[in-house]
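Each of the next two complexes has chain A plus one more chain, namely chain B in the first and chain C in the second.
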Partner chain A sequence: MRAIWQSFLDFFTSLKLTVWLLVLSMVLVFLATIDQRELGVFGIQQKWFYTFIVVHFIKGFPMPVFLGGYTIGALLFVNLTAAFICRFKLTWKKSGIWLTHAGLILLLIGGFLSGLMQEDYQMRIREGETKNYSESFHLYELAILDTTPAGHDNVTAIPDSILSRARASAPLDLGDVAGLPFRVTVRAYYQNAVLVRPGSDPRFASLPTATAGIGQRALAVPVAPTWRQNESNWPAVYVEISDPKNSARPPETWLLSSQLGEPQTFDYDGRRWRMELRPARRYTDFSLTLLKVTHDLYAGSNIPKNYASLVLLRAPGDPDGREVRIHMNAPLRHGGLAFYQYQMRAEAGESVLQVVSNPGWLIPYIACTLMTLGLLLQFTISLCNFARRTKP
Partner chain B sequence: MKLSKVIVPLAALIAAILWLAASLRPEKNATTFDVAGFARLHVKADGRSKPLDTVARATLLRFQGRQAVRNADGRKLEPAEWLLDATFRPEAAARYRVFEITHPELLALAHLRAADGDGGKRFSFAQLQNSIDAIHEKARQADARPSAGRDGFDRAVLALYGNLAAYRNLEYSLAPPAGAPAHDTFHMMAQFGTLLAIPSDAPGGEWRKPGEAFLADAAAQNKTGNPAALAYAGLAYTWRAQDAASFNEIIRLFHADLAKRFPAEMRKASIETAFNRADLFYHSSILFVIVFLCAAVSWLRWPDALRWTALHLMTLAWLVTTAGILTRMCLGGYPPVTNLYSSALGVAWFAVTLCLVLEILFRNAIGSMAGGIIGFCALLIAHYLSLSGDTLEMMQAVLDNNFWLATHVVTITFGYGAMFLAGILGVIYIVLHAFTGALTRETSATITRMVYGIVCFAMLFSFAGTVLGGIWADQSWGRFWGWDPKENGALIIVIWCAVLLHARWGGLVRERGIMAMAVFGNVVTAWSWFGTNLLEVGLHSYGFTSSGAIALAAFVASQLIVIGLALLPPKNV
Partner chain C sequence: MFRKPQSYLFQSISSVLCVATLLATLSACRDSRIASYEAPKEPPQQSPSESAAASSAPAPQIHWRAPAHWQAAAPADATAANVRVGSFTIIATDGSGRAADMAVTTFPGDVGGDLANINRWRGQIKLAPITAAELPSAYVTINAPAGEFLLADMTGDDKRTLGAWFRQPAQNRTWFFKLTGDVDLVAAERETFVAFLKTVAFSDS
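And then the complex of A and B:
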């Protein structure tokens, strides 16, 4: 038993394993980089890094082709930690190596945490407009709004992670959603879909159809999701609104899609309701008003010199607010979020800010400082030894 | 002893310095016209102030990949002389063969045969004139395709059409074309001119195109006119009339006026013109070839004399490269590395710096040999990268940050330099091992120590550079790491260094294995440096062409062959 344990330990602390894992991680990064041509930077992260096994579709068939980033990362982490505990000795001569690897362990933890916790949003805002929310790049939500009260809406939002559980064969009954007087059933959810005329192609005859609203004149056909740089997904959802207590009212199926342009509205129990499928929102307790965008070019050229958005930041305790200039390399950090200048259409007076929430942002700084110090220390010690040896 | 260690190297050094000094002499005008004075006039273009000399050279490089140009009689012209003809006497310049066309389909489109061209590939505007509509149509079609879907012909026709348009615009850039200066011409000049040649009235103000100045004068009914715009019109008139005395007088008066109002810019323009003429990087690349030859021959004959000569000349070439980089920094006002071109200069500089240290420490000509190879190759790459135009361009908004340019970009470039040096040492080792009997146990151990030390440097710089890049990205885009191709390239270098070092510490590879791995480091570094730019995705992708892809593939293949050679049994030890 002891021998087995020993050989187990030897395997996981061995340098040979380290070398092979490093080679594998190099190949992983290389292949993922090549794949960016097809999938774009977001797609390859999901396919190659934030996964245990890389699945590649060869002629439509899913084939496991490589170990994913999580697997290699976890093995490296185990290998490193095991070696760190069992083999590393904290002596002056090896202090640099110790420090470097301690930093690397922290970096791997930090990378994993930020993979889990970092959230990216965008805020698309025009001059004069005020917003207190930002929108997800990739995630959507089904929003059902009670617009009856004057001055505000009561919003119920259902994220796409729940919507995507619906299958055409097995509609997803959301049951009694809190605050809604009717029953909501998701008949189908497509991550990416195109709209066609109903009845235009017999192949689509089995797909769900809408019985109310503008969706009666369109049919959503699912297509493969894309993550390419200049393409986006256009999700669509079929939602059935019904009332089991009121058999006089037949169930109605609505089509919602970000391609339809405007939200769908209906009346129920004397109240006015609105439904839309929109990018998932994150609300904040403060608001930004875009005062002015500037986009300068260098004289006599098309090279952008600067992009900047002048915003008014109004926080709860500060109704007058303060002016902040967000520009390249100078983000606004407030309330756990950082706002970066992302894109701009200066001629339309529109600016897009990237909004990032990453509670673990400090970890890579600490880890990298440790590692750089460690490398410097180790190589300085080696260099001193070398200089001592070569001296005649 | 004294002869070989002191006199021969010193004589070689003095000869090299004299040769360099000759290139720094001020230019003598080949004709009676003060073309040099015209070359030093400064304008604003691409966001910076530069002499017309740079405009002429960058335009010629872009058109034909070289600065040399001959007139219809076969006389060699100064670049500025060509610019004078192109702007003021387009009917004469139209016969100079300055447009490089190599793509066979493009030649067919223009109804040209390679034999009609200068050197089989350079053609005149007159030769292309009748096909311009066809070229325009094909360029329009190519432009409509997404850049990833364009083939070699598409890129060639787009480049040619762009060059022809830039050439035609020159005619409207400085003075009204020949004939009566009508109001229409001013509008054309204001629209098509590309050079902001008319100085602002007050320092720090906006510069204008000559056409805009003429239009403003006409609108204000200003009878005297703008002096600078009139000066260029006068230069055009006298150049067309070939009246040297008046031409030179206008140049003299114009210079006197500008020197009074813009002393700093004029001084910079003079320095830049001299810098262009001196062509420091060309001279140092020649010196690097000589360094390599001396170091290589020193193993066969006259070891002391040639080894010291190589070291002296490498030091000189390093100083010349340093001077060139410092001049560029002073002209551009940016840290040393700002684009691919200057990263090649940075790679040359840092690798040769390490080579000097190696040679001084080990004194076995291996450092000089590696320095000669890497210095020459990196400067050659820089030369090819300079063909895309002005290399002192302004920085895009997100990159315009001297602190990060000075830290992240420079550190990464040093990492590349160290990686390539380790790789070149590996190549030297493997070639010695496979083809000569010169690899004694001692030499072999020495090279291994060198490679180990250099890889440690490479690891340190690549890692620190990558981290600094991460911090920059976190500051400007909100993420420390985004799996962008260039970031991944840098990460792969760091991992490869770690693989090499761990394999050595674990005893998994011995000397030859370390060398083969160091050579593979060349492949990894070349991929990170250029390969990621070929993907045309991501935030770091900037300027690179398909001929670059072929060169990269050839380089990778050559390195794999060298790695294969490492498997051969030693010649004899």
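And then the complex of A and C:
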């Protein structure tokens, strides 16, 4: 047993492993950069870095082609930590190297935590508008709203990670969902779809169809998802609403898609319901009101100088709120979120803020400070030793 | 002392598996649950007009005479089957393989307006958006038998787009004609494109 443990230790503390992992990291970055042409930044992050194994489709078949960023990063982390503990002795002479490696290990931890926990949203807001939620760039949710109450809506949000478990051959019965008096069955979910006219092409005859709502006039056809920079996925979902206890009410299948312009509403049990497939929302206990957008240009040109949004931040216990100016490189940090100035349509009085939730955002700063201090210390110690040796 | 190669391989594989299992467990902690909450009522949203399928008014029939060297493309996929009323591929005759794509589409409404449409086309060839003040100089008017077409000519680093649109206010509909592809090829096809627009005619469906 001791021999096995020793051999594991030898493997993980070896410098050879470090070199191999660094080479693999460089190859990973190179291949991902080449692939970026097809997939865009988000696509390659998901395919090459935020994964254990890189899977590439060759003639439609998924083939593992390389180690993913998580695997290489984790091995590098284990390798560095093991070497750090087993090989490095904490002496004054080596304190700089010790500090630099501690910073590097922290940087790897920070990168891993960001990959695992960072969430990006956007808040599209017009002048005078108040919002207490932001919307995901890539994730969607099926929202079923009871709009009967006068002052608010009762919302049930089903994330696309659950919706995507449905298959045309095996619909997903969500069972009794709290707050909903009817049964919800997801008949099909398409991450990307186009709407065609029903009956326009015999190839689509086997696809699900809607039996209620405006979706009866369209047919959602799945197409390959896209991750390119200037393209968007348009998801669609077929949802069946039924009541097993009420035989007088036959099940109804609804098509929901952001491409359908009108809201999908129906009455059930004396209450008014609305359904929509929308970008996943993240609500906060504070709100932002956009007071003014500013788009400055350099004098005599159309070159942007500055984009800025003046917002009123109202938090619980502070109904009057405080004004905050969000502009380039000066985000608003509040409630564990960072609001960056992202896009702007000044002529329409509209601003788009990127909302980032990253509990480990400080780690890279601390790690870089540690590494800088470590390198400075090591250089200073070496310089002092050199000066002492050359002293006549 | 050298270790047996198979022993080293075993260690590598088992070590990678140990680390991967640990990370897989951690990454499985992402939240994916059904949530229920109260939310303040939102003002009614303006419904987007960019939905051909949702349109209640049928589109009029369109007719044209396309030049012989434009190869009419059959809808190869569902996307094409949906929005493209007409689709052509133009290949350079010099054997260089340079190509351009011509698409005819139609949507109810104005699809966000001229500025949004031009900026969408500009974005597709990686050009910066223009402002409302720059809009009047961003297109020219083509008088054709069917009526007035508006034509925007945009040149990016490696692609050029000729985007024309034709409004039918009575039907609350806009027709789009977009030729995009190799810069030189699109430049050479500009006059043919304008001539094509002048052959466009409409009839009731």
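Everything below uses one rule, namely that the second predicted complex is superposed on the first by the 370 of 392 C-alpha atoms of A that agree within 3 Å, B and C clash if a C-alpha of one lies under 4 Å from a C-alpha of the other, contacts with A are read in each partner's own complex, and residues count from 1 in each chain.
In the analysis below, a residue touches a chain if its C-beta (ideal position, glycine included) is under 8 Å from a C-beta of that chain, and two chains touch if they have at least 3 such contacts.
As the structure is a computational prediction, the values presented were derived from the model and not from experiment.
With chain A as the common reference for superposition, the partners chain B and chain C occupy clashing space. Using the contact criterion defined above for the overlaid structures, shared-chain residue A:F52 touches chain C, although it does not reach chain B.
In the superposition on chain A, A:Y365 contacts chain B only, with no contact to chain C. By the touch criterion stated above, A:Q118 is placed in contact with chain B alone, chain C being left untouched. In the superposition on chain A, no contact is made by A:P225 with either chain B or chain C. Of the two partner chains, chain B is the only one touched by A:N329; chain C is not.
Within the superposed three-chain model, A:V29 lies in touch with chain B and out of touch with chain C [touch as defined at top].
Of the residues of chain A, not a single one touches chain B in one of the two structures and chain C in the other. Every residue of chain C that touches chain A in the complex is listed here, in rising order: 3, 7-8, 11-12, 15-16, 19-20, 22-24, 26-27, 30, 32-42, 45, 47-54, 56, 77-79, 81-83, 123-124, 126, 131-132, 134. Listed in rising order, the residues of chain A touching chain C in the complex are 7-8, 11-12, 52, 70-71, 74-75, 78, 116, 132-133, 145, 147, 151-159, 161-162, 174, 177-179, 194-197, 200-201, 204, 214, 217-219, 221-223, 230, 259-263, 283, 302, 347. Taken together, the chain A residues at the contact with chain B in this complex read 14-16, 18-19, 22-23, 25-26, 29-30, 32-34, 36-37, 40-41, 44-45, 49, 111, 114, 118, 120, 229, 297-301, 303-307, 328-329, 331, 338, 340, 342, 354-356, 358, 361, 364-365, 368, 371-372, 375-376, 379, 382-383, 386, 390. Chain contact summary for the complex, chain B toward chain A: residues 44-48, 148, 194-196, 206-207, 361, 393-398, 400-401, 404, 449, 453, 456-457, 459-460, 463-464, 467, 470-472, 474-485, 488-489, 491-492, 495-496, 498-499, 502-503, 505-506, 508, 527, 532, 535-538.
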